[in-house]
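Right after this note come the structures.
Note that chain A is present in both complexes that follow, paired respectively with chain B and with chain C.
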Partner chain A sequence: MLRRVPFPVLLAMLVATPVLFGVAYSALAVLGIAGAGASAVADSDRLFSVLTDRTTWRATGWSLYVAFSSTAIAATAAGAVALLFPTHKRSDRFARSLATLPLPVPHLVAAATALFVLSQSGLLARVLHALGLIDAPANMPALVYDAGGIALILALAWKELPFLAVVAIALRAGIARDLEDAARTLGASPRTVARTVTWPLLWRGLFPAVIATFVFAFGSFESAVLLAPIDPAALPVLTMERFADPLLARRGEAYGLALIALGVAAVAVAAHEVTRARWGSLVR
Partner chain B sequence: MMPPALVPQSRVLTSPWRAMAIAALAISTVLPFVILLLQSFGESWRWPDVLPSGLTGSAWRAVAGGSLGRAAVNSAALGVATAVAAVCVALPVGRSLAQLQGAWRHVAAALVFLPVAAPPIALGAGLQIVTLWLGIASTSVGVWFSHTVPAIGYVSLLFLGVFTSRGTEAEEAARTLGASTWHTWTMVVIPSLRAPITEALAIAFLISWTQVALTLVVGGGALRTLPLEVLTLVRAGQDRPAAVGALLLIVPAIAALAALRLGARRTDALPT
Partner chain C sequence: MIGCAHRRVLVRALRSVVLALGVTVFVACAGETSQQSAQLEVAALVALPWDSVEARARGTTVTWRKWRGDPAINAYVDGWLAPRLRSLYDITLEAVEGQGPEIVNQLVLEREAGRGRGTASLVWINGETFSNLRAESLLAGPWAGVLPNAAFVDSASPIISRDFEQDPSGFESPWGSVQFALIYDTVRTPKPPRSFDELSAWIRANPGRFTHDQGFSGITFLKMLMYARGGGVNAFANGFTEERYAAGQQVVFAWLDSTSSSFWRNGSTYPPDVAAMHRLFANAEIDFSMSNNQHDVVNKVRQGVLPPTARALVLRDGTIANSHYVGIPFNAPNPAGAMVVANLLLSPEAQFEKQKPSVWADGTVLNVRIVPEPWRARFANAEADPQAIPRDTLSRYAVPEVSPRYHERLNADWRDWARAATSSREP
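Here is the complex of A and B:
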């Protein structure tokens, strides 16, 4: 069967081997055949324990919520930057540069800065105190370690915006101008052209990058470990806690959580390729 | 009235709103860097002071002989080794993938994208076992190996794009003229790819430079890298050295972006 697979695909498989191996090993470990405390006979106790534990699904749901919210904010802002500042005028170039400048800032630095600004004794709280709006750190609404995940969402959105803005700006420059010109010639206002022609084309081109940033946000460990609450825990943090658990059975559960995370990533990769194949030709 | 076709495209919003949008972008971009700088130089910054009470360079002076300095050296060495290894593997992989057409191309791209998209903790689960089998778990070599895996994925995708857009005409011409495979690569392919190779080295370096989860899972604390040091300092509430470490993490990243932009400006690949 492998003879039918082109050689470059085999090379790609080699690159993906660590992930495929991780999936296989995690599956064996969660069935108790491999890993700490393994036995010769498979049992479904660990798998059952992971799948029926409310903490697992709260963590998965919460991480999906955070990734979705941050990506939605970043994608909207990136689209807005591309639509509002498309020309070669100095102000537009300046705005585009500002939007893309934090591109190389690591997630860890974005999260640490969010902690310095948004914690209950952070810069925002101090400014509100100086304005007479709060008396003490306790009066500051909890944005860090809160169930709403506000600081984490904002930090991830801030980190994702530059990448999506780079893609959106490049796409904006490549969108067929004749469609926009035709709409304007037919009497459409700039806003109507932006809403009905430019934005739909931009969004379709941007979607694969949006999926990529969604999955990065979903798996970001360092941001979550600094900004997420203990309950509900973020999935990467919960997985790491299980890995380090002194109880061997609980360590096995970490592989079940890793499988859930890999499942989300696999769905995202499939969606990424499908959208690239379907919509990639709409923008040049 | 101005003819519709001549209405400037950028006027989706009026000037005051555009000015406010630019101001919001400026604040959100610049403020975090200013805060990190103030935090790193702030002598004492007690509640409810909006600014530090004094400035000191003590945290910066402590970098050279301290844990941050050692961690930065470790991270730099790891980043360089990761970048070189990733580019050496990804260059032929990307070129090979670019020859595919149709559904196989999407299957191959998805496979290469997997190590990039896999959550680092989940990826680390598999890599931890691989490194245990190889006898390199909890060692510097093991950490380097774990960083190389996602870096190869990223850089393969980059070279897939590069080879898709440039074609193989020059290589075919060299082969037609009698060049061997070695000569074709060393005298045609690599010299013509100087800019993408530089970009790939920078990207792979940054993937390693900023890596936290894989270093923790596979390294188990055996190798103290700069991100691990910063994470520890932030969690311990050591704000001043943490800010210094955070700024140290940004410096090569900004330098890499500047290099990328310089290269991209020649090809109009990125906005200026």
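Here is the complex of A and C:
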């Protein structure tokens, strides 16, 4: 049967198979017939508990907020780097290199650094105290384990920026200059050219990478476990919390949470496909 | 571009991979029957003379899944224990990361994958992990009683002979014992509170300077509070009942409702684990840290994690003491090697080394009055670190664990309480 399967479909199957196995296993586990604490009879207790628990939806909403905020900051900064430093001049090359510098830093190190710098006993608090801007380091606003997720958003944005900047810089170099020249010849100001020609073309090219970083940030565990508060919980941390719950019966809920995360990722990818298709039809 | 012939080869290779995946899954699903072999091997080993067990273990590798989060413990295992096993039995010890819930999940997955033999021969466990592993039939045994060094175990101590009130029944062998302690700084808090009443008053008088973590230590702290305010440990002993838990839980949450607004960040969030507690304490964001090991402070001061003036503190209401154990998974690839390692862990030499303040400072599970000389004398004259709490003080205030169900339920209910409470509080 496999002989009749076209080559690209076969490749796609190979990539998708582990995910499909994961989905199937998660479905069995959340129904209580696979995983720790499983029994021979399926029941909907875990699924019902996940879907009706306010914590689930607060965590989903908060993780969406964190992923959206960090990706928006990183995408804006990456776009700015590509637009402001496009030439081969040494200063532009230097600026572009600086923007891509965090690329090899592991996410865990970035999160630990954020903890070291931004906590109330951290480097920033001590510097601000030394400068007399706050009475005591502890008076610094809470940026770590805070409901605003400030340190987490900044750490994720800092790690996403170089990836998006590399893509944006490459796109900027490939944008047809004749389109920009045509706009300028027709009297458009540099700002108008950037807003109506360069940025839309850049954004369309950058969009798949933005979706990828958004989904990655949404599912990022190692940064969230170091920087997120107990409430609202980050969805990946809540998932791990349930997966390691001393109550065996509660561990199946982790699979329900994982399926919600997968659903969010699928929606993001679908939105990407729909948007790209719409852009394609507009071009045609 | 890829050539036509190459493409055909690639397609064939990919089809093979997809087929292989399918076959693997099928074989995995069909392979349940081979899982009994480790259990049968353990049953056979316990009937053999000990030197035969040692002979079978010689020249093998033992993979030990254990918590690897403390450099002092790692140094003891990798730097002292592993070379001893190598020189005495030609056993290679491989200590790999994994603790509590991860061990349970890993073994469940291995069972579901249908692998005849798993990855680890020995696991470091206690309390609710032991309970979960037994409930899921994931441990081989009984075997612990046949270890020659088991004769020296202090079996009269309920803290060692019962694991969270559970009878180990030979499915786990004790390795060490610890006792919960608060950690304070003698400079910052020269007169620390000595009871829960004093601690409550101190927290209210010093808002923002106290908290507990979300992990095992934090829940143990709350369980001690449940004992202290709920009628003592005997009110919860001898198994779990819903009524007694409801009464205990009410006591805990009443205390938290009245006190937690004076916690660090007004109780709007809690540090994720003990490592975060130690960091906040060392940076003077809070004035108390905590640990499940009364001697942790000695190690952490030596490692430079905590300030030199940090000391352990036990509350007079009683602090929970428990033991930790090693078990052999149902699918252990090397049960004989695991038994030899467990026996060496129980040897007076290994227990004495582990107890040294400069090594790990973990309490012994041996009855030091019955171990052979020269170990009896060495234990009797064992050095005590000046930073450590005296042994008689520790034993005076030690209270045992109760059924693991209390821990499981309190852990789940505290998280629900904390999430409901924190939503309404500003940091």
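The rule we apply is simple: the second predicted complex is superposed on the first by the 260 of 284 C-alpha atoms of A that agree within 3 Å, B and C clash if a C-alpha of one lies under 4 Å from a C-alpha of the other, contacts with A are read in each partner's own complex, and residues count from 1 in each chain.
The rule is short, and it goes like this: contacts are C-beta pairs under 8 Å (C-beta built on N, C-alpha and C of every residue); 3 or more make two chains touch, one makes a residue touch a chain.
Please read all numbers here as calculations on a predicted model, not as lab measurements.
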Q) Of the two partner chains, chain B (first) and chain C (second), which one does A:Val166 touch, if any: first, second, both, or neither? A) first
Requested in this report: Figure out whether A:Ser121 sits in contact with chain B (first) or chain C (second), or with both, or with neither.
Outcome: both
Mind working out whether A:Val215 is in touch with chain B, chain C, both or neither, as first, second, both or neither? first
Which partner does A:Leu11 contact after superposing on A: first (chain B), second (chain C), both, neither?
both
Inset, instruction - Considering only the touch criterion stated at the top, classify A:Pro229 as touching first (chain B), second (chain C), both, or neither. - result: second
Exercise for review: Considering only the touch criterion stated at the top, classify A:His129 as touching first (chain B), second (chain C), both, or neither.
Suggested key: first
Considering only touches as defined above, state whether A:Arg204 meets chain B (first), chain C (second), both or neither. neither
Quiz item: After lining up the shared chain so the two structures overlap, which partner does A:Phe85 touch, if you call chain B first and chain C second: first, second, both or neither?
Solution: first
Partner touching more residues of chain A, chain B vs chain C, is chain B
Message = Just to be sure I read the superposition right, which of the two partners does A:Ala138 touch: chain B = first, chain C = second, or both, or neither?
response = second
Check: chain A residues flagged as touching chain B and also chain C 7, 11, 13, 21, 34, 121, 225-226, 243
Per the touch rule, the chain A residues reaching chain B in their complex are 6-9, 11-13, 15-16, 18-23, 25-26, 34, 80-81, 83-87, 89, 91-110, 112-113, 115-117, 121, 123, 125-127, 129-130, 137, 158, 166, 169-170, 173, 180-181, 184-191, 193-194, 212, 215-216, 218-219, 221-222, 225-226, 235-236, 239-240, 243, 254-255, 258-259, 261-262, 264-266, 268-270, 272-273, 276-277
Within the complex, chain A is touched by chain B residues 4-5, 7-13, 18, 21-22, 25-26, 28-29, 31-32, 35-36, 39, 47-50, 89, 92-93, 96-97, 99-100, 104, 106-123, 125-127, 129-130, 149, 152-153, 156, 206, 209-210, 212-213, 216-217, 227, 230-231, 234-235, 239, 242-243, 246, 249-250, 253-254, 256-257, 269-272
Interface with chain C, chain A side, in the complex: residues 2-3, 5, 7, 10-11, 13-14, 17, 21, 34-38, 55, 58, 119-121, 138, 142, 145-147, 225-226, 229-231, 233, 241, 243-248, 250-251
Listed in rising order, the residues of chain C that touch chain A in the complex are 7, 10-11, 14-15, 17-19, 21, 25, 100-102, 104-105, 108-109, 112, 128, 132, 135-136, 208, 214, 265, 268-272, 280, 283-285, 404, 407-409, 411-412, 415-416, 418-419, 422-423, 427
